[in-house]
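Labels run A, B, C and D following the written order; every chain starts at residue 1.
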Amino acid sequence: MAGFILIVIAAFFVPGMILRTKSIASGRKGPGLFQPVKDIIVLLKKGSVFSTTTGLIFQIAPAVTLATVICAMLLLPFAEQKALLPFEGDFVLFAYLLALGKFFTIIAALDTGSSFEGMGASREALFSMLVEPAFFILLATFAMFTGYTSFSVIFNHFFVTGNDYVMIYSIIGVYLFIQIAMVETSRLPVDDPKTHLELTMIHEVMILDYSGFDKALIHIGTYLKFALYGSLIYNLIVPAGWNIFLQAGLFFAVQGFFAVVIGLTESFRARNKMNKNPKFILTLSAIAWIAFTVILILTDKLA
Amino acid sequence: MLNSVLFLAILFLSLLVFFIPGKFKYHFTLVLLLCGVVLTSVWSGMLLAGDDQVLEIPLFAPSAGSTFILTIDRLAAFFIIVVNITVLVGFLYARGYLAPYLKSKNALRFSIHYFSYLWLWLSMLMVVMIRDGLSFLIVWEIMALSSFFLVIFDAEERSILKTGISYLIQMHAGMFFILIAFLIVEKTTGRMSFDALGEYFTGNRNLPLFLLFFTGFAIKAGFIPLHTWLPEAHPAAPSHVSGVMSGVMIKMGIYGILRVIVSMQSDLLVTGIIILVISLISGVLGVMMAIMQKDLKRLLAYSTIENVGIIGAGIGLGVTGMALDSPALALLGFSGSLLHVLNHSLFKSLLFFNAGSVYQATHTRNLEQMGGLMKNMPSTALLFLAGSLAICGLPPFNGFISEYLIYMGMFQSLSGATLYHSIVVLGSVVGLSLIGGLAIFCFTRAFGVAFLGAPRSDKALHAREVSAGMTIPQYITVALILLIGLASPLVVKPVFEIVTRTFAIDDPVMVSGAFTANLAQISIMGGVFVVVLAGLLVYRRHHLSRRQVDTGPTWGCGYTAGTARQQYTATSFAYNYNHIAKPVLQTAKEMDEIKEEEIFPRRRSFISHSDDIIKKALIDRPLDWLAGILKRIAVMQTGQIQHYILYAFIFMLLVLLLSILKII
Amino acid sequence: MAILLFFVISVLLSISAVLFRNRTVTRIITLAFALVLILFTVYSWTRLNQTDLTYFTYDSTGVLLLTVLAILTLPTVYHGFIYTSGDTDKRYNIYHAGLIALMTFMAGAYLANTMTVLWIFVEATTLAVAVLIYHDRTEMSLEATWKYVFICSTGIALAYLGILFLGFIYGRGDAPNLSFSSFSLIISNASPLYLKISFIFVLVGFSTKMGLFPMHTVTIDAHSVAPPPVSALISTTLMNVGFLAIFRVYKLFASTSVLPFMNHVLMLAGLLSLLISAGYMLKAKHLKRMLAYSSLENMGLVAIALGAGGAGYYAALLLIVMHSFAKSSLFYQMGQLSRVLHTFKLDDCGRYMKLYPAGAMVLLTGMICILAIPPSGLFISELMIFRGLVANGQWFVLIASVILLSFVIYAMSTRIMHITFSDPRDESKVQQPGAVNPVETVSQFMLLAIVILLCFYQPPFLVEMINQGIAIIPR
Amino acid sequence: MVNYLIVLFAITLMYFSSADRLITYVKLIAMQGLLLCGIAIFELKEVNTANLLFIVAETLIFKTILLPYLLNRIIRRSGVTKVHRLAMPGFYLLIFSIFGLLISVILANILVNPFINTIYLAIALFTLVTGLLLIVTHKLIISHLIGFLIIENAVFMFSLAAGNEMPMLINVGILLDIFVGVLILGFFGLRLKPHTNELAMLKD
């Protein structure tokens, strides 16, 4: 329960922090920390415009996406506190839920019948397809490392495996999670939410035709996703079993750190050429595979 | 006794189809089908509910020297149920699908069609029920034959006929493998039966014989590289037939493989690895090719190969589990694959029926000519959506459950696994996840291009929703799909039971128990999801009702004269992907370059189609080569008597020579 | 004595068929003969393994094949009536006289228990069938007849040499007139070389009749021009005569040291036959010729079956019997097909399913049966052949024949399917389709039904007969 | 005495291979008939007279007189005198037949056996080979017919080779003449054109 609430809270300021970091890094004053939330409120107030080409799919897609994210949140633990719905192999469900969301985003984009959105959809589909293995290798490796297959249990036992090299692994894990999160939430270097040319967009171009309530839902979903990955990262860094308040503090610290990292990357790094992206994403799987071999070493299987 | 009489009655009554007057043929067949379905389902139900190992029903009195004895064990019972569901639904659907043909084809054609349909179903039932080798081969071939006649329903088109025949030949070739394998068994054990396998396996090396059987069955199941008949036959067949073929008939190959594995004794590890590798290759390549297809049914056919890959992966894991005696892996692997057999039979038949409806409405199978169908045929579109979500293994649909079980098999066995084991498992994890991602790509493309956006052709523009007779069967299937997806424990518990009994896995109650619990959690999550979604949608409706909602054209980035032709097409959607996949796939382009001296270029056409490299290399080229040789040999009938005498002369000399050389 | 009676009656009937210039009389005569033949068959069942007239024995194999002939008699006569209905009285009578003679001689050949007598009857069948092949009086039929007679006489001369060698192996001059049974007693101390030569000559010589490589060529031509009912006989019962001749010699020698040699030669001939038939089926342009090649293929299988030994012997006889039924019904069907489509050229045939559904069903079922695809009984014998091959570890033959068979299936099914369903390749040549009464196909369906039935259940008496025939062959 | 006849017989065979006039063939056939008749008389002293007479008469009348006469008629009618249509130059044919002789002698040597006369055997084999060669190398139907006649003589020789032991076989062998009769009648009855090789319509 705590995890759920914390994620929701974090979702309020994380996107804001990203914006802020970026503006500061580029020497602007920038909007307030809660600007994104205000945007959402504005959107909720507005009415909507629907394209005549679109139909049912286009209308339900944002709701579905958001629903998947919310359900995914139920799977994440916090500290010793188990998740709301923990079970063996819940991370499979986690991944597939997010995939379900993506499925609807893509077909919704195709529903508009616009060439731009079709292009975005095709790219999104391709990239998310490529990122799947990285995530699974990573979690399979956890499973092998800890011997458990549920987020809650994995993270509780992560540091108590009594293995000295745990830190190495958690670092690699953190790195991978950040990268995956960047891809999944369509940030740099794969995608750039702030680009103004449809031809170079991926996620943004897919939601071109959304307005008002639906757009708000989409944004909420994205923000929650940030927090989602943030809390994953947090669970990797901070051992369970410390004082609960300390944990809470650390949680927000980590979320903030995550946001800052994203912000800095986006300010100081150029986005990839579109046809470089597949290679880049595949690299993540490669690194994950390395992580796996590392684990093989750590668990003395590769003797 | 009564049982066998009833079954025989159905067998013989099927002949009456030829003599029933035209407009009652369908009803007669349906009644017969229903009776059979009830009968056999009751049998398997009795067995699954009861506690005895097998249920034996000799078709004839043993004195007649006949070997037709129906032996139902749990495995058979499971497959019987799978077969019955799909066949029945398929036939319900057929009514509407065949309606347009009633004028163009004479009654005999329909008799043949219904008769073959009945016999495809009966032969599939008997395939899973018969143990004796000879009888098995007979029904196995009858299955191929009847499906052949179903495929060539539209035989007036030479291309379809050609496809059908090549299908028949490949099935026959596959049968030869099984036959030879059986004969080898008989040579050592003196019996030609599945029951004799155990005896053989204890004495001799297991792998070679298994590979023989596997090849034979894999041709039916459509594992790459033996899949070559599949993407040809499925599009050619009428949709209810392709639904049944892809839904259940190819599963007979899976059944055979399982049946052989049950009695295997040694070489398990290497066998498991082989199956696993082949399956993953099939899975990945299958879906990769599926993405490139423009023909909707061909796309589905390739995705069938992918799903067979998933099923095979489950089996491979199960065998590995048996080898490393880790019951968790064995149980989850086998259960996953069995469950996926059921699931795939449901959603793949659904998708094929759907494709049939689309074909009937638009008279094309080409994705590029569809688009925007959801407007005119909403229920078909929704059904297709459900099917694609299920086939992508997305919660809360049934596909997820089976894939989850297989994944869990891998993860469970990971902890404390040896080096090679863990490498294999992780490899398969990668493969499965890749398959998942690709499947999403494939079906977003299929659904999006076919049903969404603006119509790409007049055919699509004027499409009309198909009759209720065709949609209702599909709704039934969807209901089953959701049932399995949302109430998985109900289905998975018996499957666990079947697997533990069949493969003699010392039931790790902790495992099966724990997993029913997990599945319960998943069901809850499904419920939560539905509730949340419903809540959101309701609120949205309420919210929008209080805001001003207006409509306009799609945002064209300032360009206002957009037409339907500017949409992303099926080809362009897969363009980037195609770049990556070049090494494995091959897309042939047919175009003529503009010459320099051509000042006013004339109208040009550009055609691109992706070919199956494996088929080319493995079937087409060698066969052409062989046929060429044979034709070159056949020049003896010169019409000149002296030559005819010469042959005798030469033959005698040849024999003389050979006997001098001590060759004969 | 009964057999003498049979011969006398038949010959008289045959002669009288020529003398009376009256159709109805001829018809009655022919039916009478059919009756006589069937009665004689029944009689022969009652006197199994007894010798009659010193030169004839009702041994199981002979009686089995005689039964096949008896079963095919009525359909043949029936379709013969239909086919010749348009001819002049003269030709009509000659046709039926020839038919009666042919059947009589074949019956004699089946029951002969002496090499020389068998040989004489084979010679006689050649003469009788020549008349029938020439029935249509066209250039083609003339050529076919000439070739058939010529090659057959050469073959028969060669076979005779084989018999002479049989005589040489043992000083006794009457050796060849010894019945097979008594011959088998003295065979053991014969020199293998002579046996080999003798076998080769007999095989090559009678391969003309059996339609086996190397002398298969003329039977193919004969098939393509002969009247369909006659082709039916040529490629079933007449081929059985050739087979029986070879089989008897094989059985005779089987107890000696030349058995492996004979097996190898047979397998060689069989494989070559398969090869050629596969090759020609791939380029077949003429429906009846294609069927003829399919007979060649089946005879090749029979030869392989004999060569394979073990279960193969049973398979060979079973295959011979069932092939007779399936192939004859297909050839009868050709009669109606030619009346519907007016041609056998594959390119001009088509839409048979529309034009004559019953016939199309015969064509399809017959195709399935002849290609040994279950539920065809031929599948059983094919399986037994493979069983024999596997048991003796003849892997090469096994694989080769499997591949060739697949090609045969491909070629034949493609063509027949196209005739049945798709449109003719060049519509220009298509003529006004004739109308044929579906009832004519009943007999064909019956024959096919027998074949299909045998796939699921082989009656004990059949099994018994076959086993008696192969009892003395060492496994 | 018998051996001279046999040698003569062998020479006639050689002559076959080198001759290129149909009329010569006919003469040779007649010659062979005569020789066979002689051989039969000398060889089959022991067999009962009736049978001997039958055989002699058959050879003398049928082989020596009737067949050549008919063949002559045919050739006259068709007006073909020379064997133009050879599948290969006669020269090779000669060489082949020489080899044939060689081989048949060797074979006869292998097949030596107390019950049969080796010389007969050798010549018989040679006759057979020559007959087959004639058929294989010629294109004219009439030459094929003559080739068959030679084969038939070979059969006769074979049966003689077995000697007195089996007159029965000889009688049976004579049945082959019926075939010759049929074939000849074929020419008249079916109006075959002996000088053509146009009988090649039936082919694939």
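Assume a residue touches a chain if its C-beta (ideal position, glycine included) is under 8 Å from a C-beta of that chain, and two chains touch if they have at least 3 such contacts.
This is a predicted model, so every value here is computed, not measured.
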| item | value |
| --- | --- |
| Chain pair, most C-beta pairs within the contact cut-off | A-B |
| Where chain B and chain D are represented by their mean Cα positions, the distance between them in whole Å | 69 |
| For chain A paired with chain C, centre-to-centre distance based on mean C-alpha positions, whole Å | 78 |
| Distance between the centres, which are taken as Cα means, of chain D and chain C, whole angstrom | 32 |
| Centre-to-centre distance between chain B and chain A (centres being mean Cα positions), rounded to whole Å | 36 |
| Touching two or more other chains - residues of chain A | none |
| Residues of chain C engaged with two or more neighbouring chains | 147, 150, 154, 280, 283 |
| Chain D: positions in contact with at least two other chains | 135, 141, 144, 199-202, 204 |
| Contact graph of the chains (line, ring, star, complete, other) | other |
| Complete list of chain pairs which touch one another | A-B, B-C, B-D, C-D |
| Complex contact set, residues of chain B against chain D | 634, 637-643, 645-646, 649 |
| Residues of chain D that touch chain B when the two form their complex | 87, 132, 135-139, 141, 144, 197, 199-204 |
| Touch list for chain C against partner chain B, complex | 147, 150-151, 154-155, 158, 196, 200, 204, 207, 213-215, 217-218, 220, 260-261, 264-265, 268-269, 272, 275-276, 278-280, 282-283, 353-354, 357, 360-361, 368, 373-375, 379-380, 383, 386-387, 390-391, 398, 402-403, 406-407, 409-410, 413-414, 417-418, 420-423, 455-458, 460 |
| Parts of chain D lying in touch with chain C, wherever the complex brings them together | 110-111, 113-116, 128, 135, 141, 144-145, 148, 151-152, 154-155, 158-159, 162, 164-169, 172-173, 175-176, 178-179, 182-183, 186, 190, 192, 199-202, 204 |
| Touch list for chain B against partner chain C, complex | 60, 64-66, 68, 106, 108-109, 134, 137-139, 141-142, 145, 152, 155-158, 161-162, 164-166, 168-169, 172-173, 176, 179-180, 183-184, 186-187, 626-627, 630-634, 636-637, 641, 644-645, 647-648, 650-652, 654-655, 658-659, 663-664 |
